[in-house]
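Letters are used for the chains, namely A, B, C and D, taken in the order the chains are written, and counting of residues starts over at 1 for each.
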């Protein structure tokens, strides 16, 4: 059967990225408590393709990913999977990204009742010029309470759910647990969120947000200061979007720093 | 050229609905101020298909919709378009739905500064057994402030953006303007939203929400009472979802009543 | 601390549904192979609320769901969870729905290579007037190849990915496995989908789709005939939407039957 | 009333981007045929904020955007709006992006019947270090037919809807019409899409796709070659994603070039 992909191409275009997107697959993730948990992940994976070849071999991406689904992945160790993909496709560079929902047990602040809080997370690996780069991503929903609204109003202050997306890079040999990164980020908001709150807890979070008013600018700066202080982290992005309760649009702030 | 759709089918299934979905088209809508405005609408349209025919003729839906895009539509008058579709497809029944974003000028509560607020709206027509039914739909984003949080906390109260979706039916000959339905719904929340608020306005909306705490249950009931009182409306649905600022899930209430 | 929810309401509105939406939680599902697997589910849950009470107690929904997350759920057995919720909220009726992604191992048609295919599934339970109703839902992506395009063209035929959503109800005491329902639905399309296909497999699925041209009307009728034949199923809905490769809209068909 | 935003911040973080997202507003766009049309746009706008200031003044973004909604925008001329925003916020740099749906009349290839085809488009402007950069974006849905599937199969070939996203930059003084960019991109696929196709047209597009098999790699290269040839364009991005009809994932290719 003819290998159409391997036929010669003459258009003189080295393709930077070619691969597959939106592939759902189960992945075994190693948690901080050392128990592996299966998550339903969505993968994006690609390689470079030299100008001489008409196409890449898409099925090989799926084959390699299949082999890796049972590993207890830590995140940074997706390097092995990406190297295998690049080798299998006979390519020079590549990228691999997994997006998944991750549950962490949280305890209500007063009653200490447990519930499972869900966070959107990602592992991304890139190899260019033989150099590996890993990026850990988390999206943390929190409460923000507006300092201006509190200051100028006789009573109350508008507050809302906000989403803090953080992506951090660090060198091989180091490791950051999803659990620790999320805890750090939650400490930067007016108040964290909880799936389960009894009345005593609701009183607590309402008053805590009141005591800690934060613009998106404040949340961003709090997170940036903490990420700058962390010696392991070499590069980071912070994106904070507040689903304003007084508007139908979002307040938004963004920062990208390379140390 | 053979008409495959017209060939005989023997599986004994009268199809209830067959047609097209997610067709984008421009539509001219007549506003309350009597000025027509073009909106980008997404259409769903379908007819019934008797068991003897293999398929419907999909292109005719698009042909009839094309003819109707320049009318100054009021909503309830999509009956003509639906009748034409049913006739064109030689069908017994059918449905036609347009979803679109609709802008209304709002004035900030204190400074009176104008800005354009956007609402997701829909016109839906159905003909079954020769009877026409029209449904007007609007989704109105508002603020809700939690009565429980206000009551039990020393300071502040959690509040958030909430979405009130209302769908109403009324007889031919009557008419309800989108503008009026939205104004009525906004009056049922803790406070309406505005695209543009200066500091004096922000103080006003913060304090107004504080003075009008509402659970989703309260908002639902306020809307239901108003819809019951409206003599034109024969049937309604209300769906209220609050994007809770203290949780990562929504509080939600729903009602459907036929008078 | 005052129980604001319990205070008296005088607006004379018995609320039909009040509860929470978009709550993410992990659920243990029992598979046909008798192995339990954890899925990340999104829950919607609600109860009725009599006109005398201002509000329901939202935290109790989360408490009961937390208790049930470790059961090896079969689907129809969410009745116990729903009964507990209704009792806990002192309500008359209620609904409970879980939406989740479910992986099933599939084997490529020629090479027999295994891969994990993902399906969006749902369990929904309702109790009204003391009667329990269970609805199992699956969304099955497939290929459809257009009979008309094949018939009238000198070469080729347009084909595309289509989504067949099926929801079935059956009585307690009976059981339908997700795995079996999906297999039945896939047999009704031009061809099933696979995450992993080598060249021999690609030849096979291309030719199979060619041999089995299907309009959305055909797919719908094939599924309807099979669901009518199944004696356990008491009620069903079928929704077939084809992401047309020659248009930027979908072809769509829908059927709802109560036996 | 206190201006909380203006108070001094001591955390030593110059914020790169702060502003608003997901603001819906109507915009008047100038078309190639010289007729202005109003579109419903979604805006993202931001500026930099020096470390000494606690917050930006969010309402000013909305005020300036309001002033600009009635201009007959060409795209590249959003510079004026962005300069006004930067001035109004007393900032050093900023970004402004409008996303909107744009209708273009298309004629069926054989019957020449007209219909309105909808394309997602964007205008993006950035000012950093006093330098203005404009980016025009379009997303063009097309058909791709797989060369491998055609080659190895006895009959037929899988094909599907694919989305080609292109973003191009060019200098002030030059101009590219959305209409022209889309036409160029459509010529690179196996076949363009049309909202309205009668049987003769369906035969035409089926056969045309058959005669022009294209991998995502092929489509990408065709577009890249054309963008390289265009002397006005200084920088471009191409993203091609095919909604594979034989898989439940996408085939995908991406290129970014600065001339």
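One rule holds in what follows: a residue touches a chain if its C-beta (ideal position, glycine included) is under 8 Å from a C-beta of that chain, and two chains touch if they have at least 3 such contacts.
Computed from a predicted model, the values in this text were never measured in an experiment.
**Q** Fewest touch steps from subunit B to subunit C?
**A** Minimum number of steps from subunit B to subunit C: 1.
**Q** With centres defined by CA atoms only, which chain is the most remote from subunit B?
**A** Of all the other chains, the one whose centre lies farthest from subunit B is A.
**Q** List the interface residue numbers of subunit C and of subunit D, divide the shared ones by all numbers used, and answer same when the ratio is over half, different when under half.
**A** Same: most residue numbers at the subunit C-subunit D interface appear in both copies.
**Q** Pick out whichever of the two, B-D or A-D, is joined by more C-beta pairs in contact.
**A** Result: the pair with more contacts is A-D.
**Q** Report the inter-chain centroid distance for subunit C and subunit D in whole angstrom, where each centroid is the mean of the CA atoms.
**A** 35
**Q** Would you mind pulling out the distance in Å between where the CA atoms of subunit A average out and where those of subunit D do?
**A** 25
**Q** As a quick test, compute the distance in whole Å between the mean CA positions of subunit B and subunit D.
**A** 28
**Q** Can you list every residue of subunit D that touches 2 or more other chains, as numbers and ranges?
**A** 1, 23-24, 118, 148, 152, 195, 197, 199, 203, 248-249
**Q** What does subunit A use to touch subunit D in their complex?
**A** By the definition above, subunit A touches subunit D via 1-2, 4-5, 9, 11-13, 15-24, 44, 46, 49, 54-56, 58, 147-148, 151-152, 215-218, 220-222, 224-225, 241, 248-256.
**Q** Which part of subunit C faces subunit D closely enough to touch in the complex?
**A** Subunit C residues touching subunit D: 117-118, 141, 143, 145, 148-150, 152-161, 191, 193-195, 197, 199, 202-203, 205-207, 209-211, 243-249.
**Q** Within the complex, which stretch of subunit D touches subunit B?
**A** Contact set of subunit D toward subunit B: 1, 3, 23-26, 37-40, 59, 62-63, 66, 69, 101, 103, 113-116, 118, 195-200, 203.
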